[in-house]
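Listed next: structures, encoded as structure tokens.
In the two complexes below, chain A is the common chain; its partner is chain B in one and chain C in the other.
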Partner chain A sequence: MPDFGDHVDNGIFSQILEMDDSEADRDFSMPLVLNFFEQAEETFVKMDKALIQRNLEDLSGLGHFLKGSSATLGFNKIRDSCQIIQQYGHKQTIDGASEPNEDVCLKKITEALNKAKSDTSHLEGKMKQFFKW
Partner chain B sequence: MEEPFVGPPLSWSGSSSIGAGPSRLDLNILFDLSPLPLLVISPSWRITNASSRLLSVWHVPSADACVGQELLPFVQNQLSASPVHLRYLTVAIDDAIATRTERTTKSISPHSAASWRVRVIPIFKDDELVAVVTEWLEGPLTELNLAEDQIVTPGLSIDEAFRMLVQAVKDYAIFLLDTNGRIATWNAGAELLKGYTRDEIIGKHFSIFYGKEDLAAKKPEMELEICMRDGRVEDEGWRYKKDGTRFWANVTITAVYKDGVHVGFGKVTRDLTERKSAESRLVAAYEESDKLKSDFLANMSHEIRTPMHGMLSACALLLETELTERQRDIVGIMDESGQVLLQVINDILDYSKLAAGGFSIHSDIVGITSIVTSVVRSVQTTLPPSVHFELFLAPNLPRSVQGDPLRFRQILQNIVGNAAKFTEGGSIRVRASVESEDMDSYTVMTEVTDTGIGIPERAAADLFQPFTQYDATTTKQYKGTGLGLSIAKSLAELMGGRIGYRPNPERHGSVFWFTAKFKKIKSLQQIQDWKSKLVAREGTILASPDHDVVSLQKQLATVASIKHFLLVEDNVINQKVMLGMLRSLGFKNVALASNGSEAVNMVRSKPAAYDVVLMDINMPVMDGNEASRAIRKAGIRVPIIAMTAYALKGDRERCLEQGMNDYIPKPVDKKLLIRTLGKWILKMPDYRRSFGDQLNKLRHYEALNPTFSPTPDAKEDAAAFWQGSVRNSSDDTVIIAEPPASAPPMTGNEADRETPSANTTADNTADNTPTAPLTHEASVEDSIAHPTDSSAEGISVVPDPVRSQPRSIDRKVQGAPQAIEIPSNNEFSTSNHGSQTSEATDSGQGTVSSESATSSTTPFDKSVDSDDAPVNTSPAAEKNLFMLLP
Partner chain C sequence: MPPPESDAGAGAQAGNNSSDFVRKLYKMLEDPSYNSVVRWSADGTSFVVLENEKFTKTILPKHFKHSNFASFVRQLNKYDFHKVRHNEENGEAPYGRDTWEFRHPRFRADRRDDLDNIRRKAPAPRKMPPTEDAFPASQQIMVLSESLNATNVQIQSLQEQYLDLDRTNRLLVAEVLSLQKIVRAQSQASNELITHLNNMEDRRRNSRHSAQSSHSSHSGNNYHPATLGFLPDGTDEPAPELRRAREILNGVSPDSQADRELERLSMAYNQNGQSPADSAGSSAMFAHPVPGGMNVMHDPFSDPRHMVYPVGQTTGIDPFHADHIHNIPYSRPLSNPNVLTEAPSQITPPPKDHQGGGSLWRGKKPQILLVEDDKTCARIGSKFLSHMDCSVETARDGLEAVEKINQDAERFDLIFMDIIMPHLDGVSATAMIRMVAQNLPIIAMTSNIRQEDITTYFQFGMNDVLAKPFTRDGMIRILKKHLTRMLKDPQSAGVLDSTEIAGQQTAGAPGPGPPGYAPAMTMAGNVQVKMEQTPIQSPSTTASWHSPGRLQNPSPNFDQGGYMSAVNSSGAGGVVLTPGGTQRPPQQYANYIQAQAGQPPTLARVSDGMPMGDDRPEKRQRLYAPSQGGPYVQ
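Showing the complex of A and B:
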């Protein structure tokens, strides 16, 4: 398995790869990963929209949603950004302290979203190489 | 200077008819003929009248000899009074004039044969002083007079000194109240403190200084009442000034008596505002620093504990690998030292929590007998063969009570652990009984008697103090923080009990005892609720080491084709991964629901269709918590395993509270999934069995498995357990003494059939479990004949000689009632030699028939779990049966 650096939790991702019937084919993991990037793309679009509407509740839900799938695949960097989006969507800092200032929350979410997007496209490139799609 | 003479005033007569025309002459006669020695003086202190009595007493020839004379020279001449004594007189007259009230002097003229006291009565007409009447009271010369005389410095009378003192004091409000509580005097301090001037306040009731609440509580009246009863009263509280502001005051009220008659109250008020605020600042600072200290300790302990656990787990894993003997020794030392350190840290953490008051007692179900036996068992494995263990469980001990099992165990573990630590030969006897019982609770007394090194008298007093450790040797032979007993004491007190020590009365050694109060369990429903929680929690205890995962996976694969899952997950990616993971384990029958609402509908429509529900928590429409509640509400007991990415401490408990059975953090680890599924699919009884069966199963489970106590967290349990040090190289991750007989694996449709007891025993032997099961054999004669001579590692379960009742156990097996009579003096010795068990089973030795010998090995197997056998065990019989069980 190639080294994805700190983008990917190798332990978790290898569990996914192990579910493939053959390493040549990767008929389980490849569609899954492709699926993830589609899902991420869709979610980012929704997040952008929610950001414009200043809809923190939606942002929190979307953050949680993408956090779930990125965590399942072991995509740690994306997961962490999603965690930030989820937390500030709840008007909370990462430590769970209250952050009543919506502007601060929206700013943090914007930053995290941008990071998530760039991490996603970076990882997509690496995955493309790995799966040779 | 000429003053108007207005005739002799007769103020003492009670009449105020001064100058009333027709009676003037009468009054003169009255004055003159009065039996009292009287002198009337003008405002310029000249004598205007003298009564006949005075003239005769003082041997003055006629009134003319004195009228017109100045008072002081006349008195001095007559009585040869000293200047000091004359001063009494002048002060009294001044005072009387100033206050417009009568005054009486102290004794004057002690040098003559008699002493005189003078009553001074000022007579005013409006604001004008008309005259002063002096009445001369003759009295004997007394010692007191002499003494007083010597105290007073020349030129200052005592009265005057006190008056000046009281007047001048500015820091205290000092004033007198009359008998009704109305203010009679007022000093400078009072004026400054309370803001009222003298004129404003005199005559007002003193309750004016009190706040509304105090008035409503009738505090002023009560204070006077108490003062009358006790002579004085002291109070601290808020008092109000004239401007409405308040101050924190210390108030002392003293009842004042004059000549035995109550004349009023002396009241001294002090402003404590400054002192109080200083005090509260001090208290706040102290509390803050104390809290900081405790927080620090707790945090530090936590910070240290986490890597400690990591290290110990690594050690355990390392011990599992192939090692040379020398390597194994070294790792063993690492492991052991780590355990000691962990215990020290846990002690300190407990202590700091206790000291900070942050320790709470949980309410859970407690199986006292099972905890006691399991503690004994765990400690027993650490004992040298020269120490013999005896266990007495009173027959009246309740099976299940409500309380904190973990803390109860912790105390017992500490005491029994100590006994084991300090005893190198002889015996350790543990006795548990009910000390008292009322409507709602039992007080359970547990006593641990050892024949160890004992405790010298001088050390006994400090035993329960923190950080004290009695150590007879100069080199520290016995490890520990010295916190154990002080923690045990606090815990016992938290559980409404006490703890104590006395020397062993029979021989050298100690007796430690403690009591703890437990609530009675009232309803069956309550038991059921607790038990289902128990089953849910039991999971982590059974966590098996890695090498078991492979075999578990194989077992799962054999039943996978007939198992049905419901996966509740909203995220497609997660769905796919879970499906993939389940498929890789062989599970093909997986239904999908994408939110809680769908899941509830699916489960409700097919209540017996699914073997396991895997439930995401955070989902749209209806979340996992709500869905689980709904499923439980519908009476469906399908195992629900929560999956969530919240990986916080307490999440597991929260899921369990919602009615779920277990918890897997996301991303799901395959090994953990295998273990969890292994537990719920292979080991746990099928939920589709009836309620009664479930309950029996649970009882059976509890009875067979003494360590099966409610534990919120295996780690915590392990920590509490550690003192016994049950670790052994072949059993690393399961620290807790866990007899494999506790949960015989049940597979699929065979779940209803328990593994026969003999097989269980055989399994144990094969597993080489360090804490081999305590099986029971009726080795009666042996133990009775040589009570201290029985198997060194054996535990004797001895019927309490005091409380023991004849036991009869009625049970119906396959419809045929059988009775086993066990003589009351029987002793049931238990042993951890697996081989002996099979002997017992084979030969059925002792007084019990071979049929019942088998039963007594694991009596519940027969009584409860015979598939088609109706079971009818009376509560008393159950208790007795239970007595025989570890």
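Showing the complex of A and C:
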């Protein structure tokens, strides 16, 4: 298994790879990962939209949604950004303190979203190499 | 009022004469980059919205701070703009279908100076905007949904109040009952004291008497009459203070009517507590619910009329959302911050044994229901489970899960349940499933592993927690623990658990030690047992006067106490309570449980003042019987 650095929790990700019947084929893990990137793409589009509309509630929901998938695959960096989006969408800081200023929330979310996007495309490149799709 | 000027800039300043809305509208139309979405018509006498959706989503928010096309149109109507109708049969829709053209005689591309003459119409016919026919459906729906939202919010707050009152009331009833007991005990004690003092007094008097009457100074004489003094002398009055005290005590007779009412209330509450939705314990253990339980009081949670969900959440309902969590009728124990930080690492302990190949199971494969809205999670979970030789079905949300259980409550051996899901969250789904399937193990799968969250899961009938992102080993551990009876080799599960029990029994004994988190997590099934036993053993109110030692016993691990005692007594069946302070559940917890407590006999026992440590074999057997052989017996 290649080193994905701190992008990926190897423990979690390797468990998923172990579920493949054959290492040559990877017919379980590969569609999962592919599917994740599709899902991420779609979610980012929705998040962009929600950002324009300043719809924090949607942002929080979308953040939660992508957080679940990324966490399950062990994609930690993306997960962390999603956590930020989810929290500030709830008008809360990462520690759960209240952040009533919507502008601050939107700014934090914008930053986290940009980071999530760049981390995702970076990881997608690495996964591409690994799965040779 | 400054006179309207022809210059647009000045016109914009023109105070109350000009309209913000109209100016914004004009400004928007000046932006050439919107040309494909919204623009002036060719002759500049009207404007056209070409792409409704884009307009609503991107341009409206920028210029009008909302994204509601209907309200934009309403606004236009207020300023007497009119929709331009085209006769489509004549091919006269110059901008295509689904476009909107609006006209106002004074709103023209070349007449900026005229903008100030566009005024709001008199607000008279508010109810009937002229374009009612243009938007009847969408407007009605909007109005309806707005009022529905408002109603929902209202119901929610009423519900909160109701639950609050309900909770307070339960507490008060419990409190009053216990105070009554204390008062009774104290009056009894006073009586004893008075009797004792009386005797002393008599003795003293008699001895003096005899000393005076018989002048013989044999020392023995002093004692003899003293013993006789137990019989009332008849001639000598007892001290007036003592007599008065006794009169006062006898003068206070309890209001038996009120007492009966209280008793009835408390019974009713307890009956209600039986409802499976409310307490995991009662549901799992009392597999035969008390027949014809009084339904005087509605159980606020299981009553579907009270199920109001947070408004506006589309992606997932978070049971811990502020709107929701406050509706849940229980008090949560304090969380211990130390425990929190430990939690994640201990939840999935490293596996002790790897079951590579070969089936874990003795006979039929376990049927697992995996409730998870996230596809990735669901696929990985299903894969792990089928790798462990289980058959898996998935449900995408709580509602689907409830439906599946309703179809056939017996079909599944275990449920893995996500918490935050659309339509129906996992906690509520569990509460509903508990009404038909009391013994089915339901495992929360969640990344919310704060102590109070977990406590909530347990209180609503969940049996265990699997932290997300879950691991294969974590899943195996859960299966082994909760499906022990289905294992080919039950020992393989037993090894781990029995060592745990041993460890916890010592921990549960007087030396509290730092129990940490692991016991609660790994032994979570026992929480059921705890729910069962705590009410019997220790409503803390009774504890306070029956065994004062208890009170002095500090309870350093206050919120762990509940778990520990559960582990302790369930593990070894016979071991009940040692007088260790650690076994006292958190105070508010105990109150809650007391309110929820088992059947009337339980209450009766408590009021009888049974010693805490009293073993009750008959009760014990009844408690265990239904789930015997099930996964909860370690």
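Details
Throughout what follows, the second predicted complex is superposed on the first by the 133 of 133 C-alpha atoms of A that agree within 3 Å, B and C clash if a C-alpha of one lies under 4 Å from a C-alpha of the other, contacts with A are read in each partner's own complex, and residues count from 1 in each chain.
The working rule: a contact is a pair of C-beta atoms (placed from the backbone, for glycine too) under 8 Å apart; a residue touches a chain by one contact, two chains touch by 3 or more.
Quick caveat, the model's predicted, so the values are computed rather than measured.
Contacts of A:54 after superposition on the shared chain: chain C is touched, whereas chain B is not. In the superposition on chain A, A:65 makes contact with both chain B and chain C.
Of the two partner chains, chain B and chain C are each touched by A:36. Contacts of A:94 after superposition: neither chain B nor chain C is touched.
A simple residue count on chain A separates chain B from chain C, and the partner touching more is C. Of the two partner chains, chain B and chain C are each touched by A:74. Comparing the two complexes, residues 9, 12, 15-16, 18-19, 28, 32, 35-36, 39, 61, 64-65, 67-69, 71-74 of chain A contact chain B in one case and chain C in the other. Note for the complex: chain B touches chain A at residues 570-574, 576-577, 580-581, 583-584, 616, 618, 620, 645, 666-670. Chain A contributes residues 9, 11-12, 15-16, 18-19, 28, 32, 35-36, 39, 49, 52-54, 57-58, 61-62, 64-65, 67-69, 71-74 to its touches with chain C in the complex. Chain A makes touch with chain B in their complex at residues 9, 12, 15-16, 18-19, 28, 32, 35-36, 39, 61, 64-65, 67-69, 71-74.
Residues 57-58, 61, 67, 312-316, 318, 374-377, 379-380, 383-384, 387, 420, 447, 468-472 of chain C are the ones that touch chain A when the two sit in their complex.
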